[in-house]
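Pasting the structures here.
Here come two complexes built around chain A, the first alongside chain B, the second alongside chain C.
Coming up: the complex of A and B.
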């Protein structure tokens, strides 16, 4: 890895160069009832709209690599508004029309992409819709200040060592830049930057030490896969299930939830049909409903439990790491206040809430 | 049936449909006319023989009947039975037909004579307790919403014509609201029934910063107990919550349960 240092004022120039492509970054969406700023990822039209000091966004940047809804293919039928005559063709559009710059991802979200890469690109059937978007992506990471609900430290995702082009750490008037790609290197050549000296090394390391001390929320992951197996029937699952709204909010805001359903749609004039993919959630009532009408997980607690088992057990067995990055968004968005640290702690404690 | 209309080589009938209105604002029917971009396609899909909001003719030969509105008079029950006898498929169109809609708000008053006097004075008018159409006839399909979402109706009618199963979303509005990346209304201090209301509207109201009023009725799994906790934790009174749940009639059973517990009929 290469390192550079540049004055904070140079960031606008960096942005201006990258703005030749579409930039998506954290922007302020509004304020809550107590006047606290609310952020989300959106297209950045102006440098001043880029809020790199955001604590956490409500949603992840998922919509830009795993859209909530996406047409997988379109069938066009030729002739008299119908498919007879056998003349039809299928069109597949990966939905990538221009390169995308993701500007300001925190380590949790970069690690989320690394995990998604493993399952969506590394498997036997790579997902080309995801792959095309990933291939046309330039990622600028940005350091964060741990929020009270962040538990990335416990998940080993508090720092990113791969999965970005450029990673920026703010050190008061300076940016400490980590470079992972030739494009990022050439990008920095165009602005006023220099190699860090030993005092700047020190500053960086001191800053990391301070950040380390700021984590409040923790999840004990030691032996967690085994404990989840042991406590599959624990009564606490039922208690969490009673709270769960089965609304899918947790999965929608999660940077790694990739489960989906596919539906067909036909135009009213019968000239076109579509296969539409929709991101789904294992918490939704019909997630495990199958042909013939049987539902394998009709009770709320069994569905909630499976979300935890996929994240913290199944994925660990398959990839030797958790599918959860500890961003804390699910707990923040859950109206029933179901949070990962509390659920895991309650299962480990094997006692009522 | 028009000649040669096929899908994937299979002939598709163009069914005759009729629209009817009981006690309602007829806004759901207007919604269908509102979609100019797809109106002609819709008309090519079905043959409309009766549609008071859009044509003068009123045919009695139809296979699919869309019934808007709730029942507030005896003659409406009679009309409904005639429609049921004629139609192969009866569709309850909109929240009034499905749950009683806004009209059923009067049901919460114990004294109907008092209500009539308050609203109509000495004008002689027949008015009974409001009922959804399923209270009188068998309903084959319900299309929820106040008003209905025209895109959803078009999808459902296309499925009906093609003989496909009609699926309603099984999840609550939150799922669609999150997909639109809205700010949660509860974060703004506003009550919202999104967590318990059946989706399909694409989070129409929350996307316009208006909390959900539950016009589409409860999702198949609606955790109303937790909704009460959510409202209470955020300082939203039970009265305000019940006001919302009562508005369109879909949550009637739950409202009755909560009111029963409190033991204070209005």
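Coming up: the complex of A and C.
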């Protein structure tokens, strides 16, 4: 990997060069009742709106690679609709017309993309809707300061070693840049930067050491796949199920929740129909309901449990890593205050809450 | 080199949203609730190249209405001249219930795993279906009957709620002509019914009692499909009769929105019913939580 160092003041120039394309980054959206700033990923129109010092955004940047709503295809009806001798024509549009710059992703969100790549771009049917967005994405990562609810350290996603073009770490008056793509390399040629010297190496390593000590939330993942299998019937699931409101907020804010449902909508004049994909949540009541009324997970606790099994067991079996990146957003947004570290600790302990 | 992203990079993925244009060529009412739909891929080349194995499914798309998975119920030798047996029970199937021949639909697939009838050659086969579970089983039944001499004893055990809900009744005589043991049982009698009344497990027990343990252990494969509650009872009996777990095959139903392992709706633990199923051997089922 190549490293460069540049003065903080150069960041505005870097932004200006990248601003030829649409930039999405952390912007301030408001304040909570304690006066703390709330951030979310949105289009950055002005450099001053880019808040790279954000703790954590409410939502992940998911809407820009897995939109909450997206048309999969359009049907145009010819003649008398699809029946009565009429016909239809199907058109597929992946909906990518311009490249996108994601500016300021933390390591957890970069790792989330790496994990999604495995399932959405792998297998026999790579998803081109996601693939085309990924192929047209320039990612500038930014180091974070661990929040009290972040458990990425336990999930092994506290640093990103791939999945970005450029990764910036703030060292007071300097930015320490990791360069992973030729495009990022040429980008840095256009600003005032230099190779880091040994004292700057030292500064970077010291900074990482400090950051390391700031992680407070932990999840014990050792033997977790087996423990989840052994404790499948543990009563503690039922207790969490009673707390869970089955609202699906956790999936909404999660950077790796990718499941979806499909609904069709028809134009008022019946000339066109659209197949629309909508992101879904496995906690919603009808997630596993089939026609005829059978529901494979009718109780709240079976759905909550399934969510943990998919993230921490199923995905591990398939890809040898957890689908959870430990960003802690689900716990922060949960209306019932259910957090991943607590749920997993309670299952490991198999004792009442 | 331009540092901006330049033009949009295209990716290939034609297969993902591609569906074959197909036409409903015939509709046969089977019972009050179920109809048999004959669906033909419109393009003759696509029709010929549509190769599937018994037990696989397709996604059937009604533009503007919806898309849902259905097991193919016709024989693989018919390629893209498909038959689907569909119960009018959901939004889409109730709409389908009202359309007639000539309707243009979308078909994608075939998807998923199949009943490995090619590996069962030389063996006895027990096919056990409950209710609408006969729909995915009719494809392996036809496949086995078409090459009947390659198999040992073939038995079909089929249970339905009422005699009037029995599917494919017009084919039973033909199945029997191929030296197939066919036992049918219903939960509730109706006037004119002369067969046995009771649960499917009762008739399976009788069939097992007539068989030989070493034959079950060494040269029998079982194919099972029915409502969720049926699997455990039937499979427990088969295991007790010493049919090896890896030679019991079940076809599972799950909600699906893509059929391609991406929507995650059919997920059971680490397993996608659309890719790793719908046909699972019972060994895999035992390793999956909440599969049945």
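The rule is short, and it goes like this: the second predicted complex is superposed on the first by the 342 of 353 C-alpha atoms of A that agree within 3 Å, B and C clash if a C-alpha of one lies under 4 Å from a C-alpha of the other, contacts with A are read in each partner's own complex, and residues count from 1 in each chain.
Quick note on the criterion: a contact is a pair of C-beta atoms (placed from the backbone, for glycine too) under 8 Å apart; a residue touches a chain by one contact, two chains touch by 3 or more.
Note that this is a predicted model, so its numbers are computed, not measured.
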{"item": "Contacts of A:99 with chain B and chain C, given as first, second, both or neither", "value": "second"}
{"item": "Comparison of chain B and chain C by chain A residues contacted", "value": "C"}
{"item": "Partner chain(s) touched by A:266 [first = chain B, second = chain C, both, neither]", "value": "both"}
{"item": "First (chain B), second (chain C), both or neither touched by A:258", "value": "second"}
{"item": "Which of chain B and chain C A:190 touches, first, second, both or neither", "value": "second"}
{"item": "Which superposed partner A:59 touches (first chain B, second chain C, both, neither)", "value": "first"}
{"item": "Which superposed partner A:243 touches (first chain B, second chain C, both, neither)", "value": "first"}
{"item": "Common interface residues of chain A - those touching chain B in one complex and chain C in the other", "value": "77, 81-84, 86, 263, 266, 270, 289"}
{"item": "Residues of chain A touching chain C in the complex", "value": "17-18, 20-21, 72-73, 75, 77, 81-88, 90, 92, 94, 96-101, 119-120, 123-129, 131-132, 135-136, 138, 182-183, 186-187, 190, 229, 232, 258-264, 266, 270, 273, 275, 277, 280, 282, 287-292, 294, 296-297, 302, 306, 309-310, 313-318"}
{"item": "Residue ranges of chain B touching chain A (in the complex, touch as defined)", "value": "4-9, 12, 38, 41-42, 44-45, 154-155, 157-158, 162, 167, 170-172, 174-175, 178-179, 181, 183-184, 186-189, 194-196, 219-221, 223, 225-227, 229-230"}
{"item": "List of chain C residues in touch with chain A within their complex", "value": "1, 3-6, 8-19, 62-68, 87, 89-90, 92-93, 99-100, 102-106, 227-228, 253-255, 257-258, 260-265, 267, 269-271, 275, 289-290"}
{"item": "Touching residues (chain side chain A, partner chain B) in the complex", "value": "29-30, 32-33, 38, 40, 58-59, 63, 68-69, 77, 80-84, 86, 242-249, 252-253, 263, 265-270, 279, 281, 284-286, 289, 300, 333, 335-336"}
